[in-house]
Every structure is written in structure tokens, then in C-alpha cells.
Amino acid sequence: MDRALKRRLEARFGDRLLGPIRQRHDETEIRVAPGDVPEVMRALHDEPEFRFEALMDLCGVDTGSVMQTVYHLWSETTPDWLRVVADGLSRDDPRVPSVTFLWKGAEWQEREAYDMFGIAFEGNRDLRRIYMPPDYTSFPLRKDFFLPDDAARSPGGGVRHIEQAHAPSNATVDAQVRKAPTS
Amino acid sequence: MDSPSRTFERLTLPGKVIFTLVPILIALLAGLVMAIVLVGPFALDFLSANLPLVRFVVAATVVLLMTVPTAFLIIYMEMKVIALMNLRYGPDRVGPYGSLLSVVHGLKVLMKEDFTPTGADGIVFTWAPVVVYMASVMTLLVLPFAPGIFGVDMNIGLLYFFAMGGLGVVGLLMAGWSSFNKYSLIGGLRSAAQVVSYEIPLTLSVVGIVLLSGTLSLNKITLDQSGSLFDWYVFKQPLAFLIFMIAATAEANRTPFDLTEADSEIVAGFATEYSGMRFGFFFFAEYVNVFIVSGLAVALFMGGWNAPFDWPFPIVAQPDLAGMGVGLLLAIGLIPPLAILLLAMPFYLLNTGLRFWQALVIGFVLFNVVAVAALLGFAFISFDWVVGLLWFLMKTYGFVFLFVWMRGTLPRVRIDQLMGFAWKWLLPAALLNLFVTALAIVLVTTPR
Amino acid sequence: MSADLTTARHASSDDPRVMLEEAVGVFAPIPPYPPRTEREAEFYTLGDGEMFINMGPQHPSTHGVLRVVLKIEGERVVDLDPVLGYLHRGVEKLCENADYHHTIAYTDPLEYVSALFNEWAPVMAFEKLMDVEVPRRAEYIRVLSGELNRIASHALFMGWMALDLGGLTPILWSFIERDEIVDMLASLTGQRMLFNYFRIGGVNGDLNHEFMSRLGAWMSKATSQIEANQALLNENEIFVRRMRGLGTLDREAAFRLCMTGPNIRASGVPLDMRRAHPYSVYPDLEFDIPTRQEGDCLARYLVRLDEVKQSIRIIDQCLHDMPDGPIMAKLPRLMRPRPGRAYAAVEGPRGQYATYAISDGTDQPFRMRIHDPSFVHLQAVGLLTSGNLIADTMAIMASLDPIMGGVDK
Amino acid sequence: MSLIPGLGLARGMALTLRRFFEPKVTHLYPEIPAEISPKFRGRLQLLYDEYGTLKCETCFQCAQACPIECIDMGGEDTKGRFAVHWGASETYGERREESALRRSGRTVPDPAYEHFHEIDLAPVDAILDEVDHDPKEMLRILEAIQAAYGCVPVAALKRVSQTTGAWYAMLYGTATYYDHLAVGARDDGGPADVAFLDALDGALTGRSIGDGSAADA
């Protein structure tokens, strides 16, 4: 755990952070509002005290109540992973600015997050589905998506073909919406 | 009384066959005799009046028939040699050491469906393989296999060879254009660009030989190289040989210049949409091309059918068969049975489990082997062309091995490198070679 | 060709040539729906003399079921658009519905060439979630088997590289190399390809006699065998001329494209997770991180060759330093880590294999993100290829070494 | 690349020619069977003894152990004998029918048990933590639950099954075997069969079952 990094981050982004900086193992986590992502990322990327040059991973998360996009950054200046969580995207219309202006390689990862969660990355030139067919309507990794062949959840429905298109907003489907797994 | 059909049905299978075939054979024989008696003299007159034509027809037939086993042999060779270089065994199931696998491939290709894809230009699509195949078969006509064994001794043989070789491109272009497939189109265009480019250094590289020998006839060029090993043009024209080999590899679309069918880039090039025997024609033409390119290299540079060294023990067996008279008849009548008995005896005496007729069969087989070997040896000693053919084929298959070996080793070049190499390196080198050769000839032959 | 294939369908719908193309039912790469993004509209509009060519998903050299739509002008590639999803299995969703142990069996076949690294990343992430201390012997065994798998993967890379450039022989020699390693790993893990060997808190089985004897026999000849095979390609003029200066990536571009692994090390960045974020017992081991400055296809190829030598060094040290002890940590039978998040990355043969796992306190991961390097690297193909020839597309794609199983997840 | 152009090509050619004469490595498979390591995990086969009787006792331990539920003991082969259904993980990865899940020992949300009251499971969890989720301590767990609730609620049984990994049927069997354990006694009255029918109705009409509160993530 790199306490110095925590201090630097607090000094630089103190007012922008949503909640305290969490550190566990070799990971440092900051949470920012979606609108702050470009400035924060640019600062982290450019400023010599951070120099997080490499975007190691970009993914979306559906917590069941809100959406998040999670960025993992790497820098030579610290032995920690820096996790930047853009928190609090609405589930109905999740939008977050794209980071392709810094990392061209984020383009496909953002496409994947769009494909799987429906998160719209504003500024991504090529935001279309990447894995699923273009006429697919739902977002599979959302928590309200259920496996269509899940016979345990669809009594009498039997096994349906997995590629069958279905809309989660459909009234008949709503009755079977799967909630987030809880303890 | 049985009806004739009942009688026929009661016969055994061999009986039925004989019963059916014998009348047919008799009828055919009678017809043949009648035909010979009636039109024989006129036909003979006609044939003797047009001997070159007869020679051409026979040669064309032989050449056409020859391509199939040649292609089979080279395909097998390619499979086996590359496999051995890859540390595999290669074909080893069909026939001894898998040698019949290429025959099975041929049969498989014959049996496969021969379809024309939707949108293809049917006529051009159908005739493209024929053009490719005929182009390579027609080149074989002028290749001198041995003294006296060649299709036509054309005085413009070399020119004819390159002209016919260039004709194959037309077929590839036809295939590429008519297939209604972009991969085929790219393959066809690649082959056109490649073959047209490499035609020039290829032709220029042999002009030096033409200057040296003063003829375009392949037969005469080969004759020009008779004598010692150092009369071969490879020693007089080493640069030309190198250029020729590189350009010929490109002409035959072989690795590292097999861009027309680069499977990792454009699937199978011009042959992508072909199946069945049409594809088989392309396949055969490719391997016949390898053979004729090797044959041409041998004829031009490696002395053709000339032996690299003189046979150190000259044996001349010219038995005067006519002088033996009745003795010949006696020999023909007596030698085979006696030899069979002689060869059968050891088996019969040493192996008590063997019946006498079984020993006789073994003896007969052995006698045949010995007799064929003796005949071949006799032919080898007494006929020039057998020796020549043997040497020619040995050298040619040496070159075929070289092509296969290159395929097993080298990666493919890129299209711009390919074209750049032809125009920037091979063409100037060929011109330089031509210039130096001409200069040398002028210097040597000018009287001082 | 009967119909002009170079016509774009957007051009005009009453064009007879377009109608013919539709009538004969020939597959056209132009999607039948209006363009969804700016980039798609730009790509699927043809310029003068350009045409589309559809490569894959059944193409000999797309390393699996990748489909690439090439926009070409003669032999020159103007632009390309990779189309993914032909091998998509939804592993992340499946992992959310499986408990922690079961996810290993799902992540295993993601990238079938280097399956151990796909197990390693999630296992490490779960260990972080559970705060498990892995026994040192288990860590050494993981490093040992992982490096063996890395060599097998790089051996295959060399063969594929040559095959995509038209050489027939190296791929079979590579498979000989790989076969020996894979047989070795089969005697250790029980399977040849999808090992399913790492467990949360350790490994499935201890080293056994058969594995050790096979490893010893292989180690005695490995270096000489690999070097002998390299002579075929490394000095080959055709090979070197095709690879040198092709698809050059400089340091900044490599970072911008989120490259990891050998691909970024070929651009002169010594970014190796084994040193940048040390995990397992790598801090105790001595090895170098080979880098090259050129950043072209040849550099990417040579960096991998150098890595093989370093891996042999690591294996040698592992065998010498291997401590005795247990191979599994003591864990409850059913895992319910406390709510939290963990990110773990390992350095695989293609780059960073990472897993971001979120636990909500149940026996199943709430969210499991699997990061695969092939996926990130594949998008560089479009950038590196435009302006080069069709044949270069294969060379660049092969030098980036994507495995479609990992790309499509 | 060497200084002399073409030397690299020649070296490559020499190398392939050397390999041409080297011993080959192909396994001649049908003649020489492959050596299989004793640790090899291959295809599952049911064993038959010398009288042709199936040795498999259908204990489902293999099906429970299989992480991706590719083992399904319900199969019969072409000769009408019992067999293991097996397949590639990719094909069987999506097998989530209730029966397959239950056979594999996985937690199955089951509408049939919905009529049993939701209870506060904290005591159960405390008991389970005490014995470290060890299914071997089954009787001790059940007795402790009996002591805590006055009966053994089915919800508690399900909980024990889920967390220890013990098969629900085994738990149920154990709990009903002993007289001092009272399984599934309800706190408040009401005929159980009516509630059961209600639940069945709910299951058939596809009513939602989960108790979804959002996860802390």
C-alpha cells in the first residue's frame, strides 16, 4: 500500500472525490463523478507526480442500483494499481465521457462496456456493439438480464435458444427479472 | 430341353465371361482384318507420305498421357519430401510408403462435385482450367528427353516454349475473372503481373545461351553441350543459370513466389471457387509446370541427356541375332523353361512345405524379374536413348526436388518485393549477362 | 466477373449492378442497416477505385474465427474493420452464476494456447479477496508451470508467424516443441490443453516423478533445440525483409493503444507485470526483461524469442529453489469472501491477463471482469495496417499474436 | 541477416535438408498407442464388472464435483445401459435446468419451498461459523438449530445445504431420521398443503422469487 500516493491524490483531487480513498492490498481506489472523468484522467496521465501512462483495464459494472465504469491505471511512480471508479451512472441512461482522447486502445473496451451494459461513452467515435449482433436489443451483463435458457426461472418455458432477442422492458419478462444476488 | 437363357444361367462366372466375350472378340478381330485388308494399303501410303504428322500425333498423345503419372509422382514427392523435412512421416498408408496416395487424390478429385458458383461466367469458368492445362502440356512437346526422343524438333523451340508458357497466364486470368470472387480476382491479377514481369528476365537469361549455341532449337542446344562435364552451359553462364532458376520459380508459381495461390492471404487465389476435376486440372498443370521448368533447366544448362562423365568401361553388345538362325528359335524355346526350373529348384528343395507348382510360380516370377532386368541392361548398353532418358529424368527430378525443398523451407515474398526484385535486380542482371556474353563471343571469334 | 463487386450498396439502390449482386445472393460485407456510428459510416463508404474484401471468419490465417472487412485499393489496404463475436461465450456472465471454484473451469478455455495464465489471474484476484496466503511451494509450482506454458505459447507463435508468411515447416517444428511441453504439463495437471490446475490458495497436485523426468529430459536439450529451429527464420532474407520496418509502433503509440506484454516491450518499454507489479515469487527470481527499440514486427518476433530464453532461466531457478511444504492453503470448503473488490494481473505470453472481481459476500462473484491482452492488441491491427499491402495484414496480425478465444470471451 | 545475400536462405535450406534425414517424431497412433500419464483426466466411463453389472452406484459424487455440470447421470447409451452424459464445457456450460443444477449439488432457488416461512438466519450462520461450515458435523449443526429454533426449519436446512455444500437430500434425510429433530414445523398455523398449492401456482405462473436488495459494490 502506497500511503504517499493517497496523500498526493487527496491533495490534488480533494474536492472532486466522492468519498474517501480506499486502499487494500496493492490497490488504491478513488471514486469520481462521471463528468469529472476527462479532467481527472488527463491529470493522472500528464502530471509528473502521477504519470499514469498505461490504462490497464476498462470495464463497466452494474451494482443493481447504479452503473459504474472502472479504470485501472499503472504508473512507474507507484507500486500500486490505481482504480478510478466513475460512480453513480443512472441505470436508465448511463452516460460517461470517453477516455479515447488519451488512450486510443480504450475504444474497444468502451465498445465492450457499451455492448454489455449499455453505457454510452460520449466522445467515442465507434460506439457500436462489438460481441453481440447488431440487432440485439438487451445488455447481457446487466443484473436485470437473465439467461433465457434458465429453466429454473422460467417455469414451463423450457430451453430457449440463447440468441433469441428479447427486451427486458417487456411486460411478460418483467415478472421474471433477476435481482442482484444477495447474501 | 433347357432354353438357351437357362443354359447361360447355369454357367459359372468365368464361363459366362468367356461365353460373352469370345464372340465379340471374334467379331472385332474379323472387322480388324477386313479393315486392314481393305484400307491398309491406302492408310500406309498416307502415313508414309505424312511422317511428321504421324510423329506429331504420336508425340502429342504420349505427352498428354505422360502428364498424369508425372503429376502423380511429383505430388507424391512433394507430400513425402516436405513431410520428411517437417519431421513427419507423410503419406504411409496407401500403397508401399504411401506412394499411391496421389492416385487416390486424383480419384477423389474425379468423384467430387464439379459446380459452378452463382454469378460466375460459366463458359470462361469452364474453359479456364483447360487453357491452363493445355498450355503446360503443349510446352512438353519441344522438350528433348533423349537423343531422338522428342515431340518436335522445332527450330524456334525455345521461343515456342516461352510463348506457350506465357499462355498459361491467360487461363489463370480467365479463372480469376470468371469466378465471381474477389480472392480469385486478386489471384488472377497477381499471376498476370508476376508471370509477365518474370517472363522478361527469364527470356533474357537464356539469350546468352542462344548466342553461344547459335540456335533456338532445344535439341540442338542439348547436342551443343555434349562432350565433357564442362561443356554444360551452367559453367559458361552461371549468372544466367541463377537468374533462370529464380525466374523459373516465379513462372511456375512456386514458393517463395507462389503469390497467386497464397493460402494465408487470398485463400487459394484463382482456384478458390474451383472444385472437382476442374480444380484437378489446375493442380495437375501446376505440377506439370514444375516438371517442364525443371526439364528446361536441364536441357538448357545441365547438358540435357548428356551424361556428366563417360562410362569408364565401354561395353558394346551387338549380338548378331539374324546370324543365329535356328539357334535363336531353340534358345527362345528352351531358355525360359530351363531358367524357371533352375530358379524354382532351390525353393522346392530347401522348403519341404512347398508344393512343386508353388515353387514353379516363384521361379516364374523370379525369371520375369531377371529377364526384365537383363532386357533393361541390354537396352541401357545398346541404345543411346535409354541412357539419355535416364540421365535426363535423373537431372529433372533433381531439380524437382530442389523446388520441393525450397517450398519446405522458404516463406513467401511480398508482391512489391516480388515485382521490385524482377525489375530492379533480375532484369539488369540478365542484361549484364547478355552484354558480357556478347562481348566475349565477339572477342573470341574476331580474327586477330 | 459478371457483376461489379466494387460497387457500394449505399451508392444507389436502383443501380442494376447492385440489384444483380442482391439477386445472386452473394454475401456483401456492407451491413444491411444504416451506419450506427460516425466511424462505421466513414468505413462503409467507398472511395474511387476501392473495394471491400471480406476476410474470415473462415479464412486460413485469421487465427480462429475473426472476420476482418478490408477496404482495399488494388493490393493496398486502405482501412479495415475487425468484426468480433463469432466465438463469444459470455464467460463473464457465466462466472457470475458459478461459485468461486467453478469460475476456474470457465476462464480456463478462454485463451486455449496459454490456459494457465487465464487461471492464474482470477485465482490471484480471489486470493486477494479472501486474504489467503499461498504456500511458497505452490507459488513455485505455479511459476514453473506458467513459464513452461509461456514457452509453449511462444513456440506456437513462431510457427504461426512463419505460416502466415507462407513458410510451411516452422509450424510443425513448433508443434514438436509444444508437444513435449504439453505432454509434460499433462503429466503434472492431467490435461494437455485446458489444465484446470490452479486452485484458490494453491495448486491441484504436487510435482510428480513423471513430470520431473520429462522436464529434465527436455531441459537438457531445450536451448539447443530452440536455437536450431530459429536458424530457419532469423537469418532468412525473405522473412527479415518482410518483417523489418513493418507496422512500427513507437513508445507513445504503444501506451496510447494500451499495449502490454511483448508488444509494448518491442517498442522499448520494459513493462512486465512480473517486475512492474511483482506477484508470486518473481521478486526472488533472477531474470531480465528483453526489450527492443524498433517496435516493428521483427522486434515483436525477436522479443518473444528472447523471452523464451529468460523463461528457461526461470524454470532452472525454480527447480533449484523449490521449497518443501504444503501446496494448498487451508480454506473453508465453500468460499464467501467479504464484500470487496480486487484486481490482479499476471504477465502472460501475450501481455497482461487481469481479473477484476467484486464480491458481495455470497459464494458467487458479483462481477467478474476478465481482461484479455489479445482483445486490446487486436484493435491495433487497423491502425498499423492501413497503407500497407494485403500480405502485410497477415504479418502484422500474426506479430501481435491475438488468440480469438481470448478476444471473444 | 548475413553480409552475403542469400547465405541465410542457404543456411535454412541446409537445416531443412538435415531434418530430412533425421528420425521422425510422428506418433504412429493406431499401431503404437499413446502413453497416457497416470494423472490424465480424460473422458468419463462407467465401469462394468465381469458379470456385466454396472459398478456405478449413482452416488452423484462425480456430478457434484464437476464444476461446469457437464456430467449428467441421467443418460443411457445406445445399448440401453446407464451412461454418463458428457460434453465439451462450452456446450454444457449453459446447462442450467433445475434438475441438472440440483443433481450437481448446486443451490437451486426452488419455488416449492417458498411457503416455508422466511426466518432470521443469523443463528444458523453463527452455528455454521462455529463448526467452520464442516458438513461432517452435520448432527451437531442440526441439534444446535433445533435448540435455537425449537424445530429445524426448512429454510435453515436450505441454508446449511448452501453453505456447507452438503446435499440437501442428505440433510433432509438426516433431519427426518432422528426423532428429536422436528423438521419444518411452522410457527404460525395454517394448513401446509394450501400454502404449498399457492406456491406451486406461483411457480407455474412465473412469479418472482428473489429477495433482491442491491449488493454493496
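As written, the chain order gives the labels A, B, C and D, with residue 1 at the start of each chain.
Methods note: contacts are C-beta pairs under 8 Å (C-beta built on N, C-alpha and C of every residue); 3 or more make two chains touch, one makes a residue touch a chain.
Computed from a predicted structure; not experimentally measured.
> Which chain has the mean of its C-alpha atoms lying nearest to the mean of all protein C-alpha atoms shown?
Central by C-alpha mean position: chain C.
> Between B-D and A-C, which chain pair is linked by more C-beta pairs in contact?
A-C
> In angstrom, rounded to a whole number, how far apart do the mean CA points of chain B and chain D lie?
A distance of 65 Å separates the two centres.
> What whole-Å value do you get for the distance between chain C and chain D if each is reduced to the mean of its CA atoms?
Distance between chain centres: 31 Å.
> Centroid of chain A to centroid of chain C, CA atoms only: how many Å?
Averaging C-alpha atoms per chain gives centres 23 Å apart.
> Multi-chain contacts only, two chains or more: what residues does chain A have there?
Only 61, 147, 180-182 qualify.
> By residue number and range, which residues of chain D touch two or more other chains?
In chain D, 9, 12, 15-16, 19, 25, 94, 96, 215, 217 touch at least two other chains.
> Multi-chain contacts only, two chains or more: what residues does chain B have there?
85-88, 408-410
> Of all residues in chain A, which touch chain C in the complex?
Touching chain C from chain A are residues 24-27, 29, 53-57, 59, 61-62, 70, 72, 74, 76, 79, 81, 83, 102-109, 112, 116, 125-135, 140-141, 145, 147, 180-183.
> Can you check the complex and tell me which residues of chain B touch chain C?
82, 85-88, 118-121, 177-180, 182-183, 185-186, 190, 255-256, 258-259, 262-267, 407-417
> For the complex, give me every residue of chain B touching chain D.
Those residues of chain B that touch chain D are 81, 84-89, 405-406, 408-410.
> Which bits of chain D are touching chain C when the two form their complex?
1-2, 5-9, 11-12, 15-16, 19, 25, 37-41, 67-68, 89-90, 93-94, 96, 107, 132-135, 162-165, 215-217
> Which bits of chain D are touching chain B when the two form their complex?
9, 12-13, 15-17, 19-20, 22, 24-26, 28
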